[in-house]
Each structure stands twice: as C-alpha cells, then as structure tokens.
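In what follows, subunit A forms one complex with subunit B and a second complex with subunit C.
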Partner chain A sequence: MGDERDMNTAERALTASHTLEYTYKRSLGPILSRFFTGLRDRKLFGIRRADGTVMVPPREYDPDTGQALDEMVELPGEGVVRSWSWVAQPRPQQPLDHPFAYALVQVDGSETPFLHVVDAGDEANMETGMRVRIRWAGETAGAITDFVFVPA
Partner chain B sequence: MNAHDTSGTEGDGSPVTVLRAPIVLEYEYSAGQSASRFLRAIAEGRLLGQRCPVDGRVYFPSRGSCPQHAVTFGDEVVELSDKGTIVTFSIVRVPSKNIPLELPYITVNVLLDGADTILMHVLDADLDDVHMGMRVQAVWKPREEWTTSTENILFFRPIDEPDADYDSYKEHI
Partner chain C sequence: MREVAVVGFTQSPSVRREPDRNEVEILIPVLQALREQTGLAGAECDFICSGSSDYLAGQSFAFVSGLDAVGAWPPVSESHVEMDGAWALYEAWVKIQMGYADTALAYGFGKPSMGDLPITLALQLDPYSVMPLWPDTISVAGLQARHCLERGLFTADEMAAVAVRDRGNAKTNPYAQVKGDFTVEGILAEPFLVNPLRKSDCAPISDGASAILLAAGDRATQICERPAWIRGFEHICEPMDFGVRDLGRSRGTEIAAEKAGVSSDKIDVAELSAPFTHQSILVERALGLPPETRINPSGGALAGNPLMAVGLSRIGECAARIFRGEADRAVAHATSGPCLQQNLVCVLEGR
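Moving on to the complex of A and B:
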C-alpha cells in the first residue's frame, strides 16, 4: 500500500486565478437595433404601446397584449429619478470607476422606469424625485454605455 | 446594465445590429488543505491518496473527507505507485475543444496500485492492443518541469507485466 507519512496540514492552501468567461454576442433584431443605432447617433428612442404610452428601452412586443410594436418615439433625454441605490465601491466591471447610483429613471414622455447609471458625484446629490438628464459619451458606439444620467 | 462591454458597429452610419455582452467571472480558486497537499506532493513526483477510517478504502487524489461515510480523513496519507491497471477504456475519434491530442486517442480509467478509486487519463498505445486488465505506468514530464499540477503526468503507457486478474478491478467497472 506504499508508505505513509505525516504531512503538515497547517501549510497554506494553494490558490490559482481562474477566469470563467461567457463571450455572448447577440443579434439585436429590428427594434433594439433601432434603439442602439439611436444611441450611437445620440438619440434616445422608446416605443409606443397599444395603449398609447411609451416604453423605454423599447421592446418588440407589448407586455400586456403581446401585440407586435413598431412605432419608435424619440424622447427628450431628461427624466425623474423614481428610486436609486448608491454604489459606493464600484466593481471593476461596472460602468464607472468612481461611486455612482443605479437608478430607475422615468424619462419624460415615457411611462416605464429605465434602470441606468446616474453619475452624481456624491450620494448627497441623490434624491428620489430629482431631475436628471442624459450626458453622452465623447465617442458613442451603439451601446448602453454611450450615456449616463447626471443631475439636471 | 451588467453588460458593461457592450458595443455595436462603429460609427460608420450603418445600423447597429449586434450586442456584445460578455460575462467575465474572475475567481481566485483555493484548492483547500487536502488538495494542496496532493498537489505539493505531485510536484515532487509523489501520488498521495487518503484512507477512509471507516472501511479502509483508499481515495485518490487525497481529499478531505469520505463521500460515502461523511467522515474527515485527517492527516494520514497513503503514497501510491504510478503503476496501475486499465479498468475501462474508450477510443476517441471526435475532437473536443481544449483537448489538443491527435485523433484517434485512447482514454483510460486506471486503478492505481494501492488505490480504490479510478483515475481518468490518456494511454499511449496501439488501438489494437489496449484491453481491460492491461498493466500501465505513468509517463512523467521531465523532472525540471514538475509543478503543483496533475499535468506532471503526460499519459500512461503499457508495461511488460501480466494482465491483472479481473476480480482485482471488477468493482470499478
């Protein structure tokens, strides 16, 4: 059975870095394609629902009726913070490298809260009900990171 | 929102049709005490198993506890031979990502001498020769390349010994 020997179990456990990566790439389809193309062109588009209200980001189908939607509506890029959460210590993959808020922003002209970043500088600058506006990135790429909200 | 690295087509005027949303999970994996001991030993060319205090079965690689009896193994280790017996085998003719071996190759379940659990590995042998009960031995990397990794063993190779009795490995099939 081989020899047996005492080992020192108090030794430090070995560790190794391990990166697990899912390199997802998805086709946007006609509606979201228009939304992201709009972002690249520094425009914010929602979509009109069957009941006449506007939803942003847009969806392909009405969530209540399942009806296919097609009427894109350009929105003004300003809105109201309906709720928020302060990110005091951003993680490496989060959108900003300094503290910011994730907020539900109801964009003017739309009825749905939009979960996005508010770059407010300090938690003290955040308040439910506050007005925010879009600040576009210097270079846009057709991605959700093309803009953040900032206090208006 | 977690898709920080989304990006579409660059600004050439054409529509954005694709969203890239990679998810990257960065781990610092800890092997724990038992596997660390195993890995430090294999860096010295030694193969460590551990014996269950309840039924005496030897588990390889060494591990912290018995999966059958739910008891910890403590500090006792059992050093195993790098020779063993082929319990079962497969001839692989389909490529897999991350396996750079040339097709066809042979995967084997090896019962190391002194162990009561099998080890999956690759056998370097003629396809026509491989059989259950065949005696094999590990072929190691050059000693100066040994690290705390099971990759120190390159593959197994047949050795000139009579086949093992079926009864000696039948419970591992």
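Moving on to the complex of A and C:
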C-alpha cells in the first residue's frame, strides 16, 4: 500500500468497477403473463378498463378505480405517435445501436399511449401524429423487446 | 396537530463528482455542521430518518452504512425511505405528530456519479413493460416536454428562461453547481441533447447530501430563534402508466398544494425541485404561485441536483430564509419518479 499518508489522494485511492444486477426470477402474474405470451406469438393485447376503454400494456387493476380487470382485447399492430424524443446517441443498453426515437404510441383500438421505440432511421422522419406499425423481431421471447415500431 | 418546525438545515456543496469521498464521508461534515447549528444531530434526536437509493450505490441495504455518519450507539430509533430526503422528513414529521418524538433528524444523500444516472433511473420504471427498453431520464422527460410544447402550453423560450432565472439566482449560492449569466438566445442555440431537450433544460448530475432537524413546540424555540413552522405537508403519487396521466399538468402537485394550504395566504419564496425546465413551469402552475413570489432564490434543482437530497434541500432553503427573517411564508416542492409522477409540497411559516 505504500505510504499511508497518500491513501486518500485520487492517485492512490482503491477503485473497482461494480456491475448492478437484479439476479432474481419473477412471476409475471395472470395479466402480464398473457400479454407477454401474446408477444411471443406476435400478438398485441390490451385490457378493457372499467369505463369500457382499452389500455395497453394491460394492468391487473384499473389505474383510476382500482377495479380488477381481466377482459383481454387483441389489438392491431399499428397506431399513432403522440409524442417522441430523438436519441441521437444511443447508450449501450438501449435497444438499437443507431439513432432512434422513444415515443408514446397509441395503438388503434386503445385509448392509452405507451412508451416504446420507433426505428425511423432519421429524425426528419419523425412527427407527432405519424402512423407506425409493429416490426417483430426475428425470434420472439415473450418480452417487451420482441418488437419495435417503424413508420407505416 | 402538534406545532412542528424546521430548526436547522445544512448541506454539502453539489458537485459533479466526488472522486474520493464515499456517502458517509460526504454526510459527516453535513451532520457536524447541523450539530454546531442546533446542538444536536445524532443519537440525541428522538428519531432519525434517511432518504437514499440503493440503486445509486449499486448494492442492497447501502443506506445502512449511512448510519455510520450518525453514530448508532447508544441505540437509536431510526428509519429509511428509498426516496428523496423530503419524504424522510415527512415520515419524521408524522412520527412527531404521533407523539413518539419531540426532535427528529432527517437526511438525504446520493452519489449518482458512480453510474450513468440517466440509465440508472430507467430502473425506476415498470420492470416488465418499460424498463427493458432502457428509456433514459432525458428521453422520458422529452416525451413530456414535446407533448407540452406541441399543445402550446408554453414555448422553448419560456423553458430557457427558467434556466436563465435559476442559474442567475444560483450565483449567490455557494453550494450550487451550475450558475452564471445564461441567456435565452444562448440556450436556444445549444444543440439538442435529446430533441426536444437541450443540455440547459436539464438539471446537472450532482453528488451531495443535506440534513434537517425538526422539533416540536417549545423545543423548537429553544433550539432556533426563528423556527420555520410546518403549516402544511402533503404528497401525492400519480399512476405509473404515462398513457393514463395528463402529462401537460402536474395533477399530483395541484392536489398536494391544495391539501397543504398553499393558496390561503401570500408566498414570499418558493423552492422547486423540478429537474427539467418544462417541469419547473408545470410545477409553478400547479402550485398557483402569485406573481410576487420569488421562485428558486437558491437556483433550485437546475443549479444543483444531489439526487435523494435535492428535495430535502428545497425545504431547507425555504426554512433558512425564514430563520434569517428574509421570508415569512414559503413553499417547498420535491418530486420523484418519471415526468413528475410523485410530488410533495411543504408550507413553512415564521412568526
């Protein structure tokens, strides 16, 4: 360790990298299990809320009333961009390694936009109100990353 | 209700990176200063509550080591929230209201420089349907900003003006990190960090800590010449799904402000914890501040953003102005979660 007087200086301080992990397996519960099984089968499901509207991703309980929900509704794989952010420099963890948009997409037949990815190629192709459709991954795993949206 | 007041407040400087000091070492001088200010800051307090995030530290139960800064002997009555220290203060306030304590210490600390903060914060999103897409904080805030801009709720100029105001105010705050004479034109000329947000629209990433001492009734006036009495204290959480929220207003702040009694009288000072310029505008509107209120005299979160302490510091900055006789009535705001999901409002008064 050398001279103890130097131990608090930046040059001599011990440093180590640390990887943050969540090493548990979790159960998805009755509703999200059906949602993600649907994605594996290349189908998108929402759930009917107490007021008759459809929300996606489906939740076990209505966010406003707390009422238990269970009527799954299959939705078409296309919709409208309600807002977007352009990621010019994707981080390593993010789903695409080239520039893309995070967007709030309202799928046809549902009333609640949800956050997902639009692979639009160029920022100039993005516009609120634009139509997008799902592009499925070559192999689906039953995960939210099984698809991205592309301009329709 | 018991009469409870903020009677002491101390903080560390907000810095982009503390290369050598760990969280405990950042906290120790903050708590020493609080002891000098008030006479007590550790085991002498009836109750101790901290706010911090294991996700920032990268290990579970990291907050336990924070207690080393307090000293855990003799045994203390303490608690922790995985939230900003403002919520730790709320728990301490409830503890005093329940009659279990007359004095309480609340502190918050965070060292986000150890990771890539915008990515670390993706971990607070729904773990199944959102987080695996790794939406960084700036992109998520950008969805809200564009929604507001395109609805015509405010302009990019008005957003830039918030940064100009806060960082100008921060010039007199020795604890602030980003300060100086910015201009709207200069900010609008910045490239987008994540379109529609520019760097100046975003709060900095800061390491830091702060602490507040609460006391009830006579204890408060014994410790502090002019205590900042808590007149209202509320927090409200909105649903996690963006699609079921109105991102063009901060409904949670509106409800908390109403319950805390913000509108019942004049407000000299307001300190807001909004980490993005557009969120500052939404919070200002939700609080219904009168035009004469001085907003963010410390610079607010846009000038220094020590995660897990920044909200507590807003309450402390308001209280310090009451201690010094610069304000009689003040409103502090703290937030947590994406797009202002959860909000806390605290009304303080001198007398």
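We adopt the following convention: the second predicted complex is superposed on the first by the 135 of 152 C-alpha atoms of A that agree within 3 Å, B and C clash if a C-alpha of one lies under 4 Å from a C-alpha of the other, contacts with A are read in each partner's own complex, and residues count from 1 in each chain.
Operating definition for what follows: contacts are C-beta pairs under 8 Å (C-beta built on N, C-alpha and C of every residue); 3 or more make two chains touch, one makes a residue touch a chain.
Keep in mind that what you see is a predicted model, and the values were worked out from it rather than measured.
Undergrad: In the superposed arrangement, does A:Ala16 touch subunit B (first), subunit C (second), both or neither?
TA: After superposing on A, A:Ala16 lies in contact with subunit B but is clear of subunit C.
Undergrad: Touch check for A:Thr112: first (subunit B), second (subunit C), both, or neither?
TA: second
Undergrad: Using the superposition on chain A described above, determine whether A:His98 touches subunit B (first), subunit C (second), both, or neither.
TA: Touch status of A:His98: no partner.
Undergrad: Go through the superposed model and pick first if A:Arg40 touches only subunit B, second if only subunit C, both, or neither.
TA: So A:Arg40 only meets subunit B here.
Undergrad: Which partner chains sit in contact with A:Lys25 here, subunit B, subunit C, both or neither? Use first/second/both/neither.
TA: In the superposed model, A:Lys25 contacts subunit B only, not subunit C.
Undergrad: Does the superposition put A:Ser85 against subunit B (first), subunit C (second), both, or neither?
TA: Only subunit C; A:Ser85 stays clear of subunit B.
Undergrad: Does subunit B (first) or subunit C (second) touch A:Gly142, or do both, or does neither?
TA: A:Gly142 contacts subunit B only, not subunit C.
Undergrad: Overlap of the subunit B and subunit C footprints on subunit A, residue-wise?
TA: Common to the two interfaces on subunit A: residues 9, 13, 18, 20, 26, 28, 32, 36, 93-95, 102, 115-117, 143-145.
Undergrad: Which residues, counting only subunit C, touch subunit A once they are in their complex?
TA: So the residues of subunit C touching subunit A come out as 19-20, 55, 58-59, 114-116, 118-120, 122-123, 126-130, 132-136, 138-140, 142-144, 146-147, 150, 192, 194-197, 239-244, 247.
Undergrad: Going by the contact rule set out above, which residues of subunit A touch subunit C in the complex?
TA: 8-10, 13, 18, 20, 26, 28, 32, 35-36, 55, 57, 59, 63-64, 82-88, 91, 93-95, 102-104, 106, 111-117, 123, 128, 143-145
Undergrad: Give the list of subunit A residues in touch with subunit B in this complex.
TA: 1-7, 9, 11-28, 32-34, 36-37, 39-40, 93-95, 102, 115-117, 139-145
Undergrad: Could you please specify the touching residues of subunit B with respect to subunit A in the complex?
TA: 1-11, 15-33, 35-37, 39-41, 58, 75-81, 114, 148
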